[in-house]
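The following pair of complexes shares a single chain, chain A, combined with chain B in the former and chain C in the latter.
So, the complex of A and B:
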C-alpha cells in the first residue's frame, strides 16, 4: 500500500535527499568491508544512540547477534582472531610472510558490492528499510600459496534510523544464497546445505539467537529477508531484527513441498 | 555532518549528483560501444590544467597524453576488427572500414555503489564507484573474456554549466580469465598466429609509470580502495584522485 500522506515541497525534497543519504551509507559500507574496516564500520555507520545500540542486530542465515556488544564480538573481535590465526598458518608455511600486524589480512579480498537497491522511507521519516543484492566474493590466502576464492551472492536487508548526525544502520540481515569456489561448477554442489562445513555458517558461529532464518536448499522459497513495503512508522512487525522474523508457512524440508521440491 | 542546505540548494545538488551519475553511465556506454576516442572531447575538462587518467600501473598526465591514450584505444579496436575480418572473410570480408569498426572488443564496466560529494563552493565534486566489470577482448591468443573488478574514482569540475572530469582513476583488484579462480595462477590460452599483431601493439608510454594499485595476489598486503569522498568546502581542502 502506497504512502498516502500529503507532504509539502520541502518535506518531499527532504525525503528524496534522505533516500540518497541512505544509499550513500550502504555504499560506504561496501568500501569499509573491502578495506577491512569492520571496527570503523560499527563506529561510523551503525547506530550510536544507546537505546538503538541495545536493539541493534546482525543476522545471517543461521540467526542473529543482538546488541552492539555481541555484534562487535562477532564482527570485529572474532574476525580479528581468525585473521591472526590465518596469518600464523601462512607464516608457518612460508616464513617469508612475517607474522607482523602489517601482514594481517594479507591475501584477503572481500567485495560485497550492492545493486538493485530498494529503499522505503517511513511515512514519519524517522526510519527506513532497504534491500539490495550483492554478487559478493571473499578470498583468503592459503598456506599452499594460493588464494581460496569464494563466490557468495547474497541479499542484504537493512533497517535504518535517523539519529542526530544522520542515518545509521540499525538492523542488518545478510542472507547468503550460495557459496561456491571460483572456477568450480556450482551445479555440482551437494543439494543439501552442510551447516558444519559451510564457511559462512562456520564464520558466523553461534549467534545470540540461533535459528535457521534463510534455508538455501530450495532457493528463495522462505522469502527471508522479505522486500520492504511502504510503511508509516517503525514497529517490530516490519523489523529486519529477530522480532520481525516470521516463520514461513511452507518451511523447507518440513513441508515436503515447495516451488522447487517435489 | 556538512553544511545545511536550503530546499532549493538540495534540489540543485540532487540534480548535480544525477548529472555525474549519468556522465559516468555515458562513459561506460562509450566503452561498451568502443567509442573511447569520443570520451575526451565529451567528458573531460577543457579548462583545467594537470588532468590525470590513471590505471593500476601508471598514469597519463595532461590533455595531450590522455587524448593520445583514448586514440590508441581506437587504433587497437580498429586493428582487432581488421584481424577478425581476415580471420572470418566470409562473414566480415565485404564490410567497409566504417562498418567493420567496433567488431570484437566488448568492455562492460557497470558502475555501482556511487558515493558522491559536491564541494560547498560548487566548483568541484568527487565520486567513487565500484565496478564489477568484464573485459571481453581479443589478445594474441584470440578472444578472451576477463573479469575486472575495481573502482572508478573521479574528480569533477564545474565549467560552462556542466560537470567535467579532471582526474579519473580506474583501478582493479581482479583482472582474471572468466571461469578461473583469481586466487590461483592464471592458465593462459595458447597464442594464435593470426592475432600476433596484437602482441606488438603498444599503448603510449605512461607519463608516470608506477604501481598505483597492485592486482590481487595471495601475497598482496591489505590494499585499501581509493579514498571515500567526504564533505568538503573547496578542492584545496580535500584529497585528489590525481597522481603525482
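So, the complex of A and C:
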C-alpha cells in the first residue's frame, strides 16, 4: 500500500534523519566486509532483539540462511575456517608466512561499495527497505603465492528494523549477477550458470532454505529481489526474507529445458 | 550560502531531495529490466515539455519520448526474443524485455538542488554502469562497462516527484576488463580506412526534435565536455535553470 500520510515538520525531519541513518548503516557494512570484520558486522549492525534474531535471514541466489545462529555459522564460523585453511596452504607454499592468527586474511581484499540507493521508510516509521547495487570485487591469495581477483556485480536488498539503540539489518539478499576474473574475457565463460563451480555459490554452501531464488541465465527477468515500494507497515508480503519470496506467476521452463526437439 | 528558506521549507526540500534520489534509483532498476513502460508510465511527467537526450539528439514532448524510448526499445527486445527462442526454447513465454540485457546504470556522485519554490529539483550524476546479458543470439554472454553522466530535472506533480528532462552523456564504453576504450579509439582513428565510432546505444537512433551530436564519448582527440554541469541553487525551473530549454509557444 502506498504511503499517503501527511506528516508534520517534526515527523518529516525524523523520517529524513532515519533514511540518512540507514544509508550510514549500509555503508558501514561495506567497510566491515572490506576489513574482514564479519563477526563485528553481525554484532554491531544486525538485529539484537531475540524475536528479530529468530526471523533474520541472509539470502543469495541459491537460498536463505535463517536465524542468527545459522547466519553466524555460515557467515563467520565457516568463513573463518576457510581463511584458516587458506593460511595453512599459504604457509606450506611459503614458510615465510607464519601460520599464526595475526596472519589471517593475508592477500585478501574485498570491496562491495554500494550505489544507487533506494530506501523506502514504512509509513509507521518502524521498518525500512532498501536496495543498492555494488560493482564489487573480491581478491584472494592463492596457495601458489599468486592472487585471484574477481568482479562480482550484485544487487543488495535489505530490510531494516528500528530497535532500542537504532536501525538494524534484519533480512538481506545479496544477488550476484555474474562473476568474472579480472583481466579475463567474460564472454568466453560457458553460457549457462554453473552452480558447481561458481565461487559465490560454492562459498554459500547449503543454506537453511535451499532453492533457486534468482536465475541469472534470464538476466533480471525474475525480478528478484524487487525494488522496494512505498508501504505502510511491515508484513511477510513485503519481506526480503524467505516468506516474501514470490516465484514469477508464469515461470514457464527453466534453464536448459525444452531443448530435445531438433 | 545562508538559506533564505524557512525551517518548514528546508525540511520540505530535504525530504524532496531524498524523494528525487528514489525516482532516479527507480529509473536504474526499471531500466535494468528494460522495463521502459514502467519507467515512462510511472516515473515520468506527461508534460509536453518533457525531454530525453543522448548523443543522437533530444526528443521533446512526451509522445516523441515514448515512441523513441518505449516503442522502439520494446521492438528491439521483441526482435531479440524471437531469435533467442530459436536457440534457447526455454525463453518462450518469458517477458522479452529483461531477456535482452540488464543495463545497470549505477548512480554515484549526485548533486541535487531542490528549487526554493519546492516545485522542481535538478540533479547531476555519474553512472559507472555495467551492461550484461547471458542468453544471446550469438550464444556468448557479455558484460560491458559504460560510464555516463546524467543531467536530470524533476517536477513535483500532485505531491509526487516525476522526471521532466533527462540528458545522458556517455563517456566510455568497452567490454568489461578485457578491452581498452582508449586503445580501441586510437586504433579506430588511425586505421587506414575510415571507421565509424561504435554505437553506445542499442538499435537505431530514434526521431528527435533537436538533432545531435549533443555530447561525444572519449576520444584521444577530444577534450572533456561539461555538457551537464551540476545544478546551482535556484528559485524556480526556467530557461536559466534547466537541462532542456523550454519551448516558446507562438502567440
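The working rule: the second predicted complex is superposed on the first by the 248 of 262 C-alpha atoms of A that agree within 3 Å, B and C clash if a C-alpha of one lies under 4 Å from a C-alpha of the other, contacts with A are read in each partner's own complex, and residues count from 1 in each chain.
In this section, a contact is a pair of C-beta atoms (placed from the backbone, for glycine too) under 8 Å apart; a residue touches a chain by one contact, two chains touch by 3 or more.
The model shown is predicted, which means the values in this text are computed figures rather than measured ones.
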Query raised in the report: Once the shared chain is lined up, is A:9 touching chain B (first), chain C (second), both, or neither of them?
Result: both
Requested in this report: Examine A:97 and indicate which partner it touches, taking first as chain B and second as chain C; both and neither are also allowed.
Outcome: first
Report task. Considering only the touch criterion stated at the top, classify A:28 as touching first (chain B), second (chain C), both, or neither. Result -> first
Query raised in the report: Counting only touches as set out at the top, which of chain B and chain C does A:147 meet: first, second, both, neither?
Result: first
**Report entry** chain B versus chain C as contact partner of A:221, first or second or both or neither
**Finding:** second
Requested in this report: Name the contact category of A:208: first (chain B only), second (chain C only), both, or neither.
Outcome: neither
Report task. Answer with first, second, both or neither: which of chain B and chain C does A:165 touch in the superposed model? Result -> first
Report task. Determine, under the contact definition given at the top, whether A:183 touches first (chain B), second (chain C), both, or neither. Result -> both
Requested in this report: Once the structures are superposed on A, label A:106 by its partner contacts, choosing first (chain B), second (chain C), both or neither.
Outcome: first
Requested in this report: Determine where on chain A the residues touched by chain B overlap those touched by chain C, and list them.
Outcome: 9, 13, 16, 115, 135, 182-183
Query - Contacting residues of chain A [partner chain C, same complex] - result: 9, 12-13, 15-16, 19, 115-120, 131, 133, 135, 151, 153, 177-178, 180, 182-189, 191-193, 216-221, 223, 227, 250, 252-259, 261
**Report entry** Touch list for chain A against partner chain B, complex
**Finding:** 9-10, 13-14, 16-17, 20, 23-24, 27-28, 30-31, 34-36, 97, 102-109, 111, 113-115, 135, 139, 141-142, 145-149, 165-166, 181-183
Query raised in the report: Taking the complex as given, what residues does chain C use to touch chain A?
Result: 7-8, 11-12, 14-15, 18, 21-22, 25-26, 28-30, 32-33, 88-95, 98-102, 104, 106-108, 128, 130, 132-135, 139-143, 175-178
Report summary line: The answer for chain B against chain A in the complex is residues 1, 7, 10-11, 14, 17, 112-116, 128, 130, 132, 149, 173-174, 179-185, 216-222, 224-225, 228
